[in-house]
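Please find the structures below.
Common to both upcoming complexes is chain A, partnered first by chain B, then by chain C.
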Partner chain A sequence: MNGSFSTRMLRTIAAWVVVAVFFFPIYYWTSVAFKHGNDIFNRPPKLFAFTPTFDNFQKVFGISLGSGGITVTPGGGNFYMAPRVWDSIVIATLSTVLAVAIATLAAYALSRMNFRGRHSFVGWVLSTRMMPPVAVAVPMFFIYKNFGLIDTYTGMVLIHALMNLPLAVLLMKSFFDDIPSEIDESAIVDGASRFMIFRRIVLPMAKGGIAATAVLCFIFSWTEFLFALTLTTTSVKTVPVVSSTFVTSIGTAWGNMAALGAASIIPAFIVILLVQKHLVRGLTMGSLKQ
Partner chain B sequence: MRVAQARRFVVSDHPLPWLLPLVAILLVFTVYPLIYNIWLSFHEFVPRRRALEFVGTENWVQLWNDTRFWQSLVITFTYFAIALVFELVLGMAIALLLDSDGFGFGFLRGVLTMTLVIPPAIVGMMYLLMEDPQFGVISYLLQSIGLLNPNNPILATASTALAGVLVAEIWQWTPFMVLIFLAGLRALPPEPYEAAMIDGASSFQIFRRITLPMMSKVIAIAVLVRGIDLFRVFDYVFVMTSGGPGASTYSLSLYAWQQTFSFVKWGYGATLSLVTLVIILVIANLFIRIAKVRW
Partner chain C sequence: MKDSIRKAHLASVTDRFVRGQMDRRSFLRAASILGLGAGALGMGLGRRPFYGISQASAQEQELKPSAEITKWLSDVGKPFAGTTLRLATESTPPSNAIATQLKQYFEEATGIKVEIEVLPLEQVLQKLTLDVASSLGTYDLYYIDQSWAASFSQDVFDPREQLKNADLAMPNYNIDDFLKPLVDGIAMYEDRMVGVPYDIPIFIMQYRKDVWDELKLPPPATLDDLLKASAAITDAKGPNMYGTSGQMKSGHYSLECDWTAWLWGHGGSIFGPDGKFTGNDEAGLAAMAYWDKLKATMPPGVDGWTWDGEGQSVGQGVAASMLSWGEFFPFFDDPKASKVSGLMEAMVPPKPAATLRTVEQTGFGEIPGVGHQGGSSLAVSKYSKSPDAAWIFMQWATSADTQALITVLGGGTGPTRTSVYDDPRVLANARVGAGTTRHLPVVRDTIANYMGSEPDLPAWAELSSDMIPVALGKYFAGQSGSAKESLDALKTQVDDLVAKG
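Showing the complex of A and B:
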């Protein structure tokens, strides 16, 4: 499969070129984030030769970079986004904790206990992953309205946890399936209770899997759009939802938009660092092992 | 003997307490909304009375006669089919390219991973800029090689708007296919390849006769997971075109959402979202049966 030196060389060059094409948009947006207005609207588009500025980040996050290092000045500007970033962090963190806790319990039972209807139960969990968000968001809007959950952290945390549950259950089940059940059985012989085995033996062994599941849940909540758009109005809003507020009647604030976009790439770095090993398994809900 | 006893104990252990939180949250958040949705589809909001009224099967009859609905169904299927084909073919090609140990390939996989975790709504906004007729980098490129008429903005021309949205979609999700296929390729046994090399098979023959068949399970899962997401496309069209120009990019999800929240047709919106759900469930379950996907 390796071929001669020249074919390998060609292949390596081709791979770098293809990935460069995919990386180009990310470079381009990031460059826009560091551009002054007139450089953004230049034609032909300026790719490299422009004077970088930190203004866009300052407007969007209240963070400025001067001679005295990084200074944080909260508030101000039409597109000040720091509260929305905070909302996104709170919602993603709490919904991840909830989803992973519930999913880990359920996945342990699905992995270790034999009971009637187990297969159809897994099928049911999977089918909730197939639901189009709009089919849940529309009725949820009315239900949330009746219970006063619109525009609250609680409401968003619950719906994002729900959205991630099928993924988390199936993924955790696949991680538990990898731990030999003989370990549980010998612990039972020694007189340990189910919960003790779960807490003392299985959970520590599945640490890596739990971390991978948690990071993926966090990312899916961080990037979720439709529920956040539908179930929030003013006081709680996530980052993807406010991205369209950069479009105003006097034009679009592309530089500010790009600053938000560039910052939204940060979770990407975290994912790559933390869970690349488990990423494929997570994206296919445990059905593929890497 | 003790092992057998232990095994019996494991089997007899009751799963209910473990599953209860999951069942509760799924019942409250999926079964209840579903029932509520069905109930809602037989009602309609009457603005002058500010109340929901029972309208019988009116919404379902309207759905049947609604050309906009059929149009959005066609658009959704078109979007689904084009994106899936591109993502599968490109994904497989790039995965085959990256499936060796060239210089920096681990780094390249890392870069590809980045596209997957940027919020699609923000990707949509970014492509809105790149496809802007005056200062977008994609528009500029296409115009300067003569592929695009400067008077036709990509996203505001009916014939190109869907393609403009699909570019964002395919850019973001082709790397997903690459990662899945790479995982699959890495797990293939080397023996069939060695035998084929000895028999002097060409690389295309090897791909057709060995790689593709052995990858069928991986491909099936990729199609299923991605297909479900493609069929409920909302973020890109909402941000980039809002369904326009005309109705050339209306997806089913977007249409259902707009009927409910922009036009206050609560009952009809619920009917549309139910139909979207039923179509996805039927197609996905048929696919799971036919392709024998196991979870």
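Showing the complex of A and C:
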């Protein structure tokens, strides 16, 4: 093991400090979800010494904590946001699958095939990230309205997949670029077809990159606000849009907003946990190749 | 279990039930575990819990639309059963009460489904603008803030015209029951009635009576009283408590609302009769001088707050008063949400420092008055695919009976109908506690005698929510020179925009 005991100790302490700094906002926000209105705004802030309450979760999810344990009463809360969390899960998952599937094929082609306009195509893909979403939100509203896609899962999955596609293509291309093309050439010599090489050799090697791309797509979809606001009304809603409904004419319901926010961290957290192994590999792929 | 512990727990459970923190089933289950039979409810607990339970039971029975109205809904709504109506609205007490507790009665009676999309105010405007631009009728009903009335006046039905259709008219709907100042201030644009008044947040004076009494200060009956008392409180109790508060976030509509109260209160106006900006005249500058002094008595964060921060500052005891939206009063009385429950007093806005200008001395129908009025109308969209069904819903939502239910359920928002202020259900809620209506007599008096209303012109949405609060924000941030320089620059901008139409 490198370094003396004191150096290792120092590193450990430094690591814990960094973790504490990054974890504090999450802790603070989550603690607000368990506070009464008075405790939320107490001066000085009550970080630990407060009487926890389940009221905010009761209002937001219809979940109550009684003598018989936790009970869920659908529709029992003032707002009942559980179906909206489900909407977000469906939209983020399906749009991620769609974006990653298309991006993987496109990125492989851009990485391995020579065709006219390849470089300008990459530049064009990049340029779409530079356009602010607000510039296309209104035209998209009219298009969606005419195609009957307003307020539908299909519409939201499509727009989030489209929104994430440029980034996913560029990311996946960089991961494929890091895999030596000599491997492909060897396989060709052995008689493998292009699709076979893609499916059996390159794709398994790029698993980490796919995981990293998927996580980013999922998080971007999970947190996207403008399209979700513009292209939905009442049937389909995502978590960021319903969070904004806690801003009322007589102030912001911070406790309710925190309850929804704290609960909405969980699905994204689970996704990251599931792909964590690949994620670390994906994010460091560049340093492992060539 | 020791008897004393059992009793203490029983008292706690009963208290939670009475306060509405526990549903009936959970209460009965907990009560039975504690050895309390249903028959003993009225005998063993003394007067208060028994009274509380009786009241709760009575409310469950009474807080429903009247049988007569339900019958009418059932008859008139039949042809429209299966229709879905959509309304985009700000999260206001009336909309929340309808969305969460009342619309089920309408849906059951008519078979018409109602989907209410609750959004922050700016997003409601965005949604309605898109709907009008596309003319596709995504929404059947429009929630129209008074500052948008001119913009949307041609996109909605005039309710007076709709009432002529006898087949769909609700018996005793009585459009004349709406408070006339609100009809003029919120719903009228030129000769069109842009919906009917739906909610009415209005500036009233709200102050900590205990602090005023402790420091032996006169109630803030004039603007000068308010300034002197605020300074005295800040001197005596700062930095733990400041005299008054504000909603002064740069670039936000709330800043414009505060400005108009001081401007009108010093005998000024936004526009003159020629339609030119007059906020920079002598009265306008006197208002700014007053505002500067008053701001010095406010908490340091005030220029980052909208009404949310302002309300919290009073609710948490950081500020001792505010001349602001009366909707906050029920929140102040809620012991779970604020630290000033029972300590606040409501009164009409302070008397102006100079004679108010008349409507004839202003432009675009501006009505000077220290009681700045917000508020909104409810209207049926001209692009609705089911305008008749929407009209039935609109009549029900704005009828006297529903408005009374909203006032009781929705936490004491100001009713827009005269009769609702005298409704026994509303009067019964005039006690200290969450959802109180004890401030409503003051709201009613303010509407009748002290109300100020913004001008009506198509450019007003942009002026009130962007240009004016941005200019004022720059002034308070010290980025645009003196008050005169700032307001002179604002005049140029405003007059240019108005001239463009």
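The rule is short, and it goes like this: the second predicted complex is superposed on the first by the 217 of 290 C-alpha atoms of A that agree within 3 Å, B and C clash if a C-alpha of one lies under 4 Å from a C-alpha of the other, contacts with A are read in each partner's own complex, and residues count from 1 in each chain.
Here, a contact is a pair of C-beta atoms (placed from the backbone, for glycine too) under 8 Å apart; a residue touches a chain by one contact, two chains touch by 3 or more.
Bear in mind that the values here come from a model prediction, so they are computed numbers and not experimental data.
Chain A is touched at more residues by one of its partners, and among chain B and chain C that partner is B.
Of the two partner chains, chain C is the only one that A:250 touches; chain B does not reach it. With both structures placed on the common chain, the touch criterion links A:86 to neither chain B nor chain C. In the superposition on chain A, A:27 makes contact with neither chain B nor chain C.
In the superposed model, A:55 makes contact with chain C only, not with chain B.
Shared-chain residue A:36: touches chain C; no touch with chain B. In the superposition on chain A, A:142 makes contact with both chain B and chain C. Legend: residue contacts after superposition of the two complexes on their common chain; A:233 is shown touching chain C, with no touch to chain B.
Using the contact criterion defined above for the overlaid structures, shared-chain residue A:122 touches chain B, although it does not reach chain C.
According to the touch criterion, the shared surface of chain A, contacted by chain B in one complex and chain C in the other, consists of residues 41-43, 138, 141-142, 229-230, 244, 246, 252. Those residues of chain B whose C-beta lies close enough to touch chain A in the complex are 2-3, 5-7, 9-11, 13-15, 18-19, 21-22, 25-26, 29-30, 32-34, 36-37, 40, 94, 97-98, 100, 102-105, 108-122, 124-130, 134-137, 140, 144, 171, 174-176, 179-180, 182-184, 186-187, 193, 218, 221-222, 225, 228, 231-232, 234-235, 238-239, 252-253, 256-257, 260-261, 266, 269-270, 273-274, 276-277, 280-281, 284-285, 293-295. Against chain A, in their complex, chain C makes its touches with residues 21, 23, 26, 29-30, 33, 86, 88, 90-93, 96, 100, 115-121, 123, 126-127, 130, 133-134, 136, 138-139, 199, 201, 307-308, 311-312, 315-316, 318, 325, 327-328, 331, 334, 336-339, 411. Residues 36-38, 41-43, 55, 64, 66-67, 76, 78-79, 138, 141-142, 145, 150, 229-230, 233-235, 244-252 of chain A are the ones touching chain C in the complex. Within the complex, the chain A residues that touch chain B are 1-2, 8, 11-12, 14-16, 18-19, 22-23, 25-26, 28-29, 32, 40-45, 47, 101-103, 105-106, 108-110, 112-115, 121-143, 158-159, 161-162, 165, 169-170, 181, 184-186, 188-189, 194, 219, 222-226, 229-230, 239-241, 243-244, 246, 252, 254, 257-258, 260-261, 264-265, 267-269, 271-272, 276, 279-281, 283-290.
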